[in-house]
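Letters are used for the chains, namely A, B, C, D and E, taken in the order the chains are written, and counting of residues starts over at 1 for each.
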């Protein structure tokens, strides 16, 4: 079950509300839509990304951008509390008690997998090795997608400039009717406008968001890894709390026992 | 009790005085205010920051910018003298004398905490570990906030450009009345102006200031740490003076004894 | 036998289709062709590259760009499966059986060379040393060519700007007939347009592609190296599978046995 | 006694002579002076620097810029010859002979201090430690000042742009009298001109000069340090010559004996 | 005896031929020459370089640029063959035979010096130390000169912009005669044109060339060093060939024996 990353959603919607508001205060929206301009900026950016990357990378990136906005809700502190709860329970009822809990935990696949491996009785190092490989794969996919977003943020203003040059050259080649100069230049500037909006209000902030959410997800999964390993070793949960607090940033440390 | 960072305050006020003066010498202020322009640049910058970061980060950043301007007055030299005074007193009257001094020191929470830990009798390494963690947390929060300021300094000129493109496209689409061209272009340029002012006279210098004040605060707190540890170990204060002088930059070294 | 890198081909063709489409929607193609403009941007970029590099480097770069688009089809997973197939066969029929297989493998020169060395009975370390040297040479040639493409991506917009300045200066020196201003400016802008298109739709994405394909080719050849070494040592192919999976990125791991 | 750094002085004067010459060939200087423009660029740059740094840093920077131009004349080769002369003399007449020489050497405070410490009979390591600390302090002050110059080189074109936007917005808001458009735009462009001149003909080259002179001064002082230590140890001066030649760049090596 | 670096010469001449051709196709060359514009860009760039560097650095840079274009012809492969020839000869006739060969080798001072040191009977390590110092000095001089070229490539467009601002401000201050606007703007743009041409068609590519030729010269001299050391040790030349091939890039490896 995924929840919305509210900041990203509000920011995306809010920035387009501000933009539309500013447009409507000064005129109507109609003069801001032009099909060839959309084609050259959106299509051109997509095509240049296709040259630079493979189809698989680009499809992955789209899926991962969607995940960035509809981000899971469990933050690192909650993850730490969940693992401490489980560790406390397992200290009293034994590790095999986890088996009954697993179905409840299916909303977070990484936590589920980590605990499943413990229940399966794999040794601590093997559990760590398998989860570390999963984590590395996730980081690689995120970096790849953030790289594609950053590339798109570079390419879209360039396509906007190219589109504006096309419009200006066409306008300047046919200066017969002065009344058409203004509207023609307006249309020519639309691609620059599209490129600037796409780069600065979409691609760049989403890339930053993706990198930050990826870091949070890595931290959360490291907490799940540490918790599962600790439960597998049947350690005292107080020790786990101390270790988790060294992983968590100072402002997010948990106080479960102390 | 916090005092004003006079350089930051004078700089901020002074730069706006110069700007307003330059405007007034050439015309009136009225033509430099336009609500849609304010909305698109300020609102857009805030919204893009919201996409990139979380609400918590942005609120923290605002609080930390305020702290940057209303910065505490104790500089590293003063901190060194304060710790040497205390060390000298404790050499004569014993460490427990600190307990009576603590209420006077409540204006600097880090110094207060460091000395409280010594009074509580914690071993030197434990005191260091706890304070180091606090210091790390502070540095992390400052870096985060400086990062948001630098991001805002990147975004605001981009939003200014987008606003100017909106204005130019609207003006060019409706060239019926030539008399309106000038004022319409003036309004279109306002967003570029707002973006340039925000980035260059507000966000970027505040980020630099924040980074420099953070470095000074780290140095000051390291001096408190070193002083508290030295008092806890009941060392000769001359030795503390020598150690503090290795921490202080050459132009700010203290001469307490020698 | 080489196959087309479909993403690069579609991207290159697609971006020019979008560009041409946008041009045709607003006018005709004729006003976008101008011989002096082509000469100054294309010729100038080539000449500046000639100053910066040697002829040999530039010819190599052209050959390697061609190879980037007509890229071999064997990806790392397929390479892993091919080596596991061969290892399995050799386990049953002996290493010398490779000699009969070699002619079938002539489509991939690196794999062919690796296995030839094993058939020739060279010791493992020697095989590795020779192949490592080959691999290093390939990486060096690719980096060199990517560097030339990146340089061309920097130079071509600069040549476009120089061409536009030439056109503007000529137009401004002869303002006698106002009717020629528009078309003259259109021609002047053509070089900026050519420069922007060359840099953003050709040189930069091809450089990125080249770097990514080079990384994939290195990975594939490392898999051939590891496979040949394993066959030479007559290891259990299950062990080879495990080792290859540590080389492959998590999303491309192979499941040959397990 | 300080001498002028002739290259810096000639460069600064020469570049302004070229600039003034170019201005005078095309018109008169009067149209290049405008008080509000000066206020907004100079004052704004100073105020933004004040926000970013402290008053102490900015005053230090001004003092150090002055020192950069009126730079001491002793270059590393001369420093090496001076130390070899002294070492030769001391070999014949003993270290205490230095005491008589010290008053003659008062023009270079670092050399004077180094030899004073040797005359005072401090052990070699102590001399080195004290001088190293002095050297570190000097490098820190230079880096700080170069950083302020680089910051000013970033800020001044931005203030120039802001000033030009102010001028353009004012001009466009009042287009009643077409005859005023030209002169008003000329004035608006003045701030961009001031910003470009300050950044490119003053702040940036002085920062580069400061960094280079700082490196030369460090080298020279290291030669004084090495010389003083060698004299203190009563080493053979030939050995000192060999060591100094490893410090000096190949084109400036000295041939005192060989 | 020095030979022309043909690529650099053709590139430099070719790019100016293309530029002149493009100019002549659209008008005459006369409108592209203007003395004040030349003065402000060329003179300004030279003066700013004078502020940043010393006279000695700038004169050295000019000498080294000349050497870059009239570059010696011996490339690393030829150097390897020459040293292998000599090693083979010396194996048969003894090291002292070199003495007769030295006069023939005077065209390459580094090779000559390396072999002279061997003939003089210096031990291998001493030969290496002396030559290494020479090599380090050469690299330092090249880096210095490349740095000056890169600086000039930064400064010249800035001086071009300053010149254009001067021209625009003068034109805008005197709009009395509309017929002069065009030519005045054309002249104003000339400095931007000169700055762009100097930076992109002269300084930047020559800096790249210088860095690449420096790397080649270092490699060639390392081959001479290795060869001289090997001859001095009277090693088997086959061993020298193997060692030289580890220094040479894969595409330039030599096959002297095998």
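In this section, contacts are C-beta pairs under 8 Å (C-beta built on N, C-alpha and C of every residue); 3 or more make two chains touch, one makes a residue touch a chain.
It should be emphasised that the depicted structure is a prediction, and the values quoted were computed from it without experimental measurement.
Under the contact definition stated at the top, no chain borders both chain A and chain C. Think of each touching pair as a link: the shortest run of links from chain C to chain D has 2 of them. Looking at which positions face the partner, chain B and chain D present mostly different ones, since fewer than half of the interface numbers are shared.
Taking each chain's centre as the average of its CA atoms, chain D and chain E sit 29 Å apart. Mean C-alpha positions place chain B and chain E at a centre distance of 47 Å.
Along chain B, no residue makes contact with two or more other chains.
Beginning with chain D and heading toward chain E, the contact ring passes through the chains as D, E, C, A, B. Listed in rising order, the residues of chain A touching chain C in the complex are 35-37, 39-40, 43-44, 46-55, 133-134, 136-137, 140-141, 151, 155, 158-159, 161-163, 165-175, 187.
Residues 6-8, 10-12, 14-15, 18-19, 21-23, 25-27, 31-32, 179, 181-183, 185-186, 189-190, 192-193, 196-197, 199-201, 204-206, 208-209, 212, 249-251 of chain D are the ones touching chain E in the complex.
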